[in-house]
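First up is the structure itself, then whatever we jot down about it.
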């Protein structure tokens, strides 16, 4: 268990909400959180939609440390996310963060493959920028079912040396699954792989990297109750038993997860985005 | 039971929300409702505050028939009313109305005493304008605990010949209860009395008019579940048993109500506004 | 796409769609006929009627709670005789099956009420409300005990050939036990669930928000309890006809009940929040079914039955 | 104004304020210590611990419902031995009374757990969870029957002198009967209520939202049921110590429980929605009490008792 004292239960101010492809990018002034956050961590935001109860977890998609601002990329899937993207600028948002364990930076300079599905690419974009700045070679693979569901990677050159986009229907970029693109790029075993996206995609990435003998970190996404480690709802089966993804994750070593016990059993479920 | 076919479950558009004293005046474009409404009737508005379930009843405080607009005067007391007054212009509001039985216009021209407490005055202002237009003499008595709680009667000359304001603390107008002012004005028994305000005030008005042998209509305010006559929660004890105030009222003949059985037993409970 | 079939069997009844009204949430029917055509409904379940006229409990009778409401109406009704003469005729003339709900203080009273109704023309079925929480003595909630349940239901079954639905409370350790007792005593099917006994206190006045103290909890808050009850009884009692209710508001909620095992679904409290809740749910069902492999809603019943982990 | 006194008696215990954590909603304590000082709490009630380590149920373990949530954690815990050695020492070193919750499969197991804990230094009391709904066999929920309740509680009382709180389920016809059985068997007091058994179905996948099928319903949705249970037991059992819980989120909710008759109030699910829920409620109590005639929160207990209609 990582019990990080930098986390706070605080109130931020929504300063902008802009469309980003089919998603929305919400920018929130919350200096305590923005300053402490690292890629892979998330925040839990109180939503005031009727009937909802729990905070909604969203990965931090980037920060502007100087301004004390953090960005979220939100897919509208239900009442809570719809409420969030509908809020007016200046709305005060109660939130908790930065939460969980972020991605590990590689010790030595090297090649990094970042594999994302749908909005999962947003957090990797931030990770990529940090890796580039630290002198690593970065290739970002961004996949989705269709062109609309692709996360629009903006500052290509500052986030990765190479950006490859895939869509299942071929409506944009390479036709196929992002995991196919990953397979194509596994020339050697020395790359570090980072993945963020739906669980079936993560399972596939975990399988590919395991077979190729590569180190892989995945940011898992399980249903969360509390987001802070006390309810035991967000568990993922690992070689050491069920681990709480909100506090022992969301970033986990892919080789420690018992993918065959993830519900529904995955590794072959390749749908994403 | 009055089963009025003019009622509809519809959607209106909020076109303005302005402060009116300590209250808010919300103007909603809802032509079907605005055209059919008479003073004393109300609408039930869906509020989307977290955890709330039921529509909130509000008296119609006036209409602009040509524009298809109706006005509500809203006191912020809880989550639902706070939600309503916080909505931005253009918000679509689901509402039902016009609901219930309105005030009866007197058959012959005569003197009308309108007695209101707090925001209850808003509906009477509209009634007064109609009575004036129909050739009646109108005196409007508006009471509240303090100056801030007085409903700000605006177009004095078009809503009543005389407007008397009372506050319990004397911070504005006459010091005392609005029912004292009513007592002072009961020179003869030929006036028709209309009252709208908190139940204890209505009970007091009912007592005064009964002793003076005058006809009195009150718009009661009981907790409502459905606002449309099907749940039986809004009942008021009458000489014919419990009557549903949403459909057999809210305007009722004061002499038919068994005030001693109203909870808490009233007629002496004179607090208002 | 082809046309879809919303009709369902509810024991011996055939309803044109599975959405019905909940007892006590539809008054005489005239009030709601202002908003939509009653033939939109699968059936009307009427407010529980008693032998004698009943004034009901003093107000306040209602308190809103989080995603729910408490009510303590206390079965206000004009009594069986007035009801049959004054209210029922209009309703049976509408193009909709009418299920009459009855409530007694003793098993004998249930028998009396059933006798009075057995020959009323146009009645489709009886719902026997043995679970109203708004009674003075908790001990007399029939549906809390198997013996009392059986007594009330057999009193009805002995005198009346109409289909009988026993309305049960979730406030028991094992609702399948009570359902078994009801069916063994002659119930055609069961209605699951009535309200949960609840209470709310106004901390400013320090008094219960309801004049009666306690009341029945209904609305979306209780839907998980209702879905569980329907699912349990569907599994324990095989093919027994079930009217599911408790917090159903939307088409999705109705589907949740049907997948859990309900044949028909009643909407109560949601009608208070939106008078058009029932017609909207019926419309939604048609749209939903058009996108499914099944052509008939009846085929959807109980389809969530397979174990999740299977 | 003068200073106000938030301290309460809970049987033989004295708590610095009435707000405590709900079992299963506070993990090891370390997680929440990131947000506030644990000495803000009246007491910590720990996650139920079992004899053997328990992996818990497969995910998804949680589904949000209207103003509530369903959980099926299945008592994931490291087992009594590891818990006592690894987790408990840190907690008893904090400046807060610790009430340990235990859960057994048999009456003997309850006895075993109590024996293991009776001499652990620093424990203030035991909460005996005889009402977990996340068990395979509904028949083994002890708190559904008076006999099983008495068996589990006396197994504990016979071997352990710590104060004992019996945690009960509202899923019974008469919770006062079960409370009586618990107290007669040696319980010092009762904790009311555990979750209600519920279920939710995803209509898209047609599967229960929880891997386990059913789960326990908690949160604001159930508060009216919890308030009713506390009020009933306070009336039926006189002065018995009561920990009230079920949907308490705010200071107002805590007051509602206290006025209904609770000595202490546990906050569970609300902590998930807001990690600061408990400290905010405690602060609110101080502010509220300053505006009242009473100087001590203990005087507020049960003050909603007078009949509303009186």
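Order of writing sets the chain letters: A, B, C and D. Residues in each chain are counted from 1.
The rule is simple: contacts are C-beta pairs under 8 Å (C-beta built on N, C-alpha and C of every residue); 3 or more make two chains touch, one makes a residue touch a chain.
Here the structure is a predicted model, which means the values were calculated and not measured.
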{"item": "Any chain that touches chain D and chain B", "value": "A, C"}
{"item": "Label of the chain whose CA centroid is most distant from the centroid of chain A", "value": "B"}
{"item": "Separation of mean Cα positions, chain C and chain B [Å, integer]", "value": "36"}
{"item": "Centroid spacing, where centroids are CA-atom means, of chain C and chain D in whole angstrom", "value": "33"}
{"item": "Chain centre separation (chain A, chain C; CA means) in Å", "value": "46"}
{"item": "Chain B: positions in contact with at least two other chains", "value": "51-52, 263"}
{"item": "Overlap residues in chain C, where contacts from two or more other chains coincide", "value": "58, 66-68, 211, 219-220, 309"}
{"item": "Chain D residues within the chain C interface of the complex", "value": "58, 65-68, 70, 138, 141, 144-145, 170-174, 196-201, 203, 206-208, 210-214, 217, 219-225, 227-228, 231, 247, 252, 255-256, 259-260, 303-304, 306-309"}
{"item": "Residues of chain A that touch chain B when the two form their complex", "value": "48-52, 88"}
{"item": "Residues of chain A touching chain D in the complex", "value": "1, 3-5, 7-9, 46, 51-55, 94, 96, 222-237, 241-242, 247, 261, 263"}
{"item": "Residue ranges of chain C touching chain B (in the complex, touch as defined)", "value": "24-27, 30-35, 55-56, 58-64, 66-69, 71, 73, 76, 211, 219-220, 269, 271-276"}
